[in-house]
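Letters A, B and C mark the chains in the order given here, with residues in each chain numbered from 1 onward.
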Amino acid sequence: MKHDFSELRLDRVTRRFAGAGGHAFAALSELTITIRRGEFVALLGPSGCGKSTALNCIAGLLPLSGGTIQLDELRIDTLPPEKRGFGMVFQNYALFPHMTVRRNIAFGLRMQGVPGSQIASRVKHALKLVQLTGQEHKLPGQLSGGQQQRVAIARAIVIEPPLVLMDEPLSNLDAKLRIETRAEIRRIHRELGRATIYVTHDQDEALSLADRIVVMKDGVVQQIATPHEVYAQPANLHVANFMGYRNVVELDIVREEGTRVELSGPDMRLVGTRKQMGPGTRAVVAMRPEEITLGEGPDGRNTIVARVDNVEYAGRDSLVDVITSSGTRLHVRATSSPALGDEVRVHVSPERVLVYPVA
Amino acid sequence: MLLLFIYPFIYGLALSFTPPKGDWLANYRTFFTSDHLWPTIWTTLKLALPATIVNVGVALPIAYKMRIKSSYQRWITTILVVPITLGTVLIAEGMLTYFGPKGWLAQFLQYFHFYDGSIRLTHNYWGVLISLVISGFPFAFLLILSYITGIDPVLARAASTLGADPFAQFRHIYLPLLAPGLAMCFCLAFVQAFSVFPSAVLLGAPAGPTRVISIAAYEAAFEQYDYSLASAIAMIMGFVQLLIVAAVLGLRGFFYRGPVSGGKG
Amino acid sequence: MRTPWLERVWTGLLWGLMTLFVVNIGLMIASVATNSFARRWLGTWLPEGYTTNWYTAAWREFQLGDVLWVTIEVVFAVVFLALLVGVPAAYTLARRNFVGKRLLMLLFLLPLMVPPITYGIPMATVLYKVQLAGTIWGVILANLIPAAPFVILVMTPFIEQIDPNLESAARVFGANTGRMFLHILVPLLAPGILAASLLVLVRTIALFELTFLTAGSDSQTLVVALYYAVFAAGVRAPQSVDAMAMVYMAVTLVWLLIALRFVNPTQLVSRVKEHPQGAM
């Protein structure tokens, strides 16, 4: 067991399960990533994308079907979970229901054979860190969901693991508590500086917490990048879809010049930016509702004429659905609310029209 | 319906205090002074306690090993439910044929010279004990298995990430959470073994070493037609069972009781 | 810290024990089966010859025709009456709250916890007093005692998983209690009722003590007849007794196999898990 490291290297980590009809399917295929000391990495994707499988493989709860995991020079993928010494926070907390908060937190230290006096002081410190001082004699069943989650976090970090693994730790909390606990996790990470791998299906969580995000789909990594990059420059259409690019339109390619592409359809002409190369004379553009604005663009370029079909008031702004003459529906976020049936013009800057090959 | 169960009990209790001759405690005095009555309690305990300890003690590690749902878990449970449903009478008949001095087991042991002396596993203490294991072990196993599979396996996984090896996971996670279930299982298995009747008659030596308390009660009722004494014996039998159950469940009070999952579902 | 070597020995030991147990049970049943077809079998691996005569002999000697008929009568009457009593009772216990509910639950559980022979003797005494003992009605009544609570135990979780709103909806649309029961609950509870009746059926066929204590010569069920046959083993040829044991086994196993298609094996024993609060 090591208490610190400079690099955790996952090399083509693969996990196959027996699927229907005896066919093995890869829940995780060839995940390769190097995680640096103190880094916060989020594995992001819809359920069934392989992100939890990846986490369980790193924790040692699932054996690998292929690939290696190395902690600096030490190969760890053959070690059982109890020898890896990583701290893990489970989705349903997995607190031991028969132990008090104190004994739950002390469990890992007891297993390591840490002397009693040290256990007491370290548990006390951990309780303070998660702001649960005074609750140490309660059983998990007597705590609220948020408190249980903080016990789970304290239990994972008290053993001073080189790496903390978190499996959707906020998914069982209500919306308000989720945002609070998110901030808490961020603060604890900052204070301890432990490398953390965080699994989630919520892009907001990943964006707000992580230094780097790994976007996954069907067991395959789609993009590994900083939150800003994943948000603004999705590597492919899947990532774009997942990051809230709700407007997806298939168009003909008219001209291509480097990454700049001119496209046209029956009722729109757009200039966009190529994100992923692909064959064919057609392409898909992806645009965020927030980045389409009502009104004409400079020189009338990248402007689409459409009719207002639906307006949803959303407080600070409105969600406006518009339909072009050929029936393409676009979602637009607008600060003003146009009337139903009005003909409007919307525009979007060429940098924010992302062009992907047809799926 | 309730009446059907409660009334006989009350009636039996009343009947046991109204013997045909003597004062109201005469039956109980007879039981505790008669040489062929009160030792039956020890005879029964000598059979029931070892059988229960063996059944629960062996069933626990095996059930723990098989806690993960798999196709053979389903198979084993199905196979084990067979001896339970067949019941003690059939088991007794089977044992007479199979474990008897000319049965396959004796032949097998002698053929391979594992044991050359004469083998007597029927019509004595061992025959009854074996039959109690045959009918009691599957019962204990299935009961414990249903308790174990009710414990969230994520707890053991959490313990393993915290450095607990499989043995420590069992000791610190499974065992404490199982304790109430184990106590319950022990009670039920014991109560069943304590009331052993058909196999004690058919497989044991009902006149001597396996003259269990239920035989004494049966004889009093249906051979001497002394229903009053029989009821008294049945009451004593129920009382001893209750005593053991109360003792075990009292011990259970020291253990954690509550949900066995690790948080909100 | 345990070595993998120790771990393997331990696993092997457990599997060995389990296999030993299952193999011996299997051989035990096999030896009964072999003996029932044996012409003569004395101290050899296999009998000298095979015959089915013992079955006809057993059928004649033990009046198996009558016994089987009694068994069928008793078992189906018990299943029917247990459902009739148990399902509404389970419904009441699951849905309504009243003073003494916990006590009532405990009383219902008692016949399942207390072994039959303990309460069978006082009960037989009562039945003799009211002159029901020895008749088929006495046997049915006696078997009903553990059967009805068992139905309640099995049914309670099934009832609890039905959304009470469904019943309210039926009432809103004008169904009275009886019709609501018939049109809404019975169809929804069908799987539970099926499971409960099969479980009661299998258990009643195999339940020895109560029938033994209350049955007369013409109200014996198969198990009791088998017991008497084994008890008087010297009188009859052992093959003939084994033939009868096979008949009994066949009857039980057929129903067991049918039951196992619909219920989990653990349900046959685990009376506790279904209703932890009641049992604790």
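We take it that a residue touches a chain if its C-beta (ideal position, glycine included) is under 8 Å from a C-beta of that chain, and two chains touch if they have at least 3 such contacts.
Model, not experiment: these values are computed from the prediction.
> Of all chains present, which has the mean Cα position farthest from that of subunit C?
Relative to subunit C, the chain whose C-alpha centre sits farthest away is A.
> Just list the two chains that share the greatest number of C-beta contact pairs.
B-C
> Nearest whole angstrom, what separates the Cα centre of subunit A from the Cα centre of subunit C?
Comparing mean C-alpha positions, subunit C is 55 Å from subunit A.
> How big is the gap, in whole Å, between where the Cα atoms of subunit B centre and where those of subunit C centre?
A distance of 17 Å separates the two centres.
> Could you tell me which residues belong to subunit B and also touch two or more other chains?
165 - these are the residues of subunit B that touch more than one other chain.
> What does subunit C use to touch subunit B in their complex?
Interface residues on subunit C, with respect to subunit B: 1-2, 7, 10-11, 14-15, 17-18, 21-22, 24-25, 27-29, 31-32, 35, 42-43, 45, 85, 89, 104, 107-108, 110-111, 113-119, 121-126, 128, 141, 144-145, 148, 202-203, 206-209, 212-213, 223, 226-227, 230-231, 233, 238, 241-242, 245, 248-249, 252-253, 256, 260, 264-266, 268-270, 272-273, 279-280.
> Touching residues of subunit B toward subunit A in the complex: what are they?
Result: residues 152, 154-155, 157-165, 168, 172-173, 176-177, 255-256, 258-265 of subunit B touch subunit A.
> Flag every residue of subunit A that touches subunit B in the complex, lowest number first.
It is residues 1, 59-61, 80-88, 90, 92-98, 107-108, 111-112, 139-141, 145, 148, 152, 155-156, 159, 165, 172 of subunit A that touch subunit B.
> Considering only the defined contacts, which subunit B positions touch subunit C in the complex?
Interface residues on the subunit B side: 1-2, 4-9, 11-13, 15, 58, 61-62, 65, 74, 76-99, 102-105, 107, 134, 137-139, 142-143, 145-147, 150, 165-167, 180-181, 184, 187-188, 191-192, 194-195, 197-198, 201-202, 214, 217-218, 221-222, 227, 230-231, 233-235, 237-238, 241, 245, 257.
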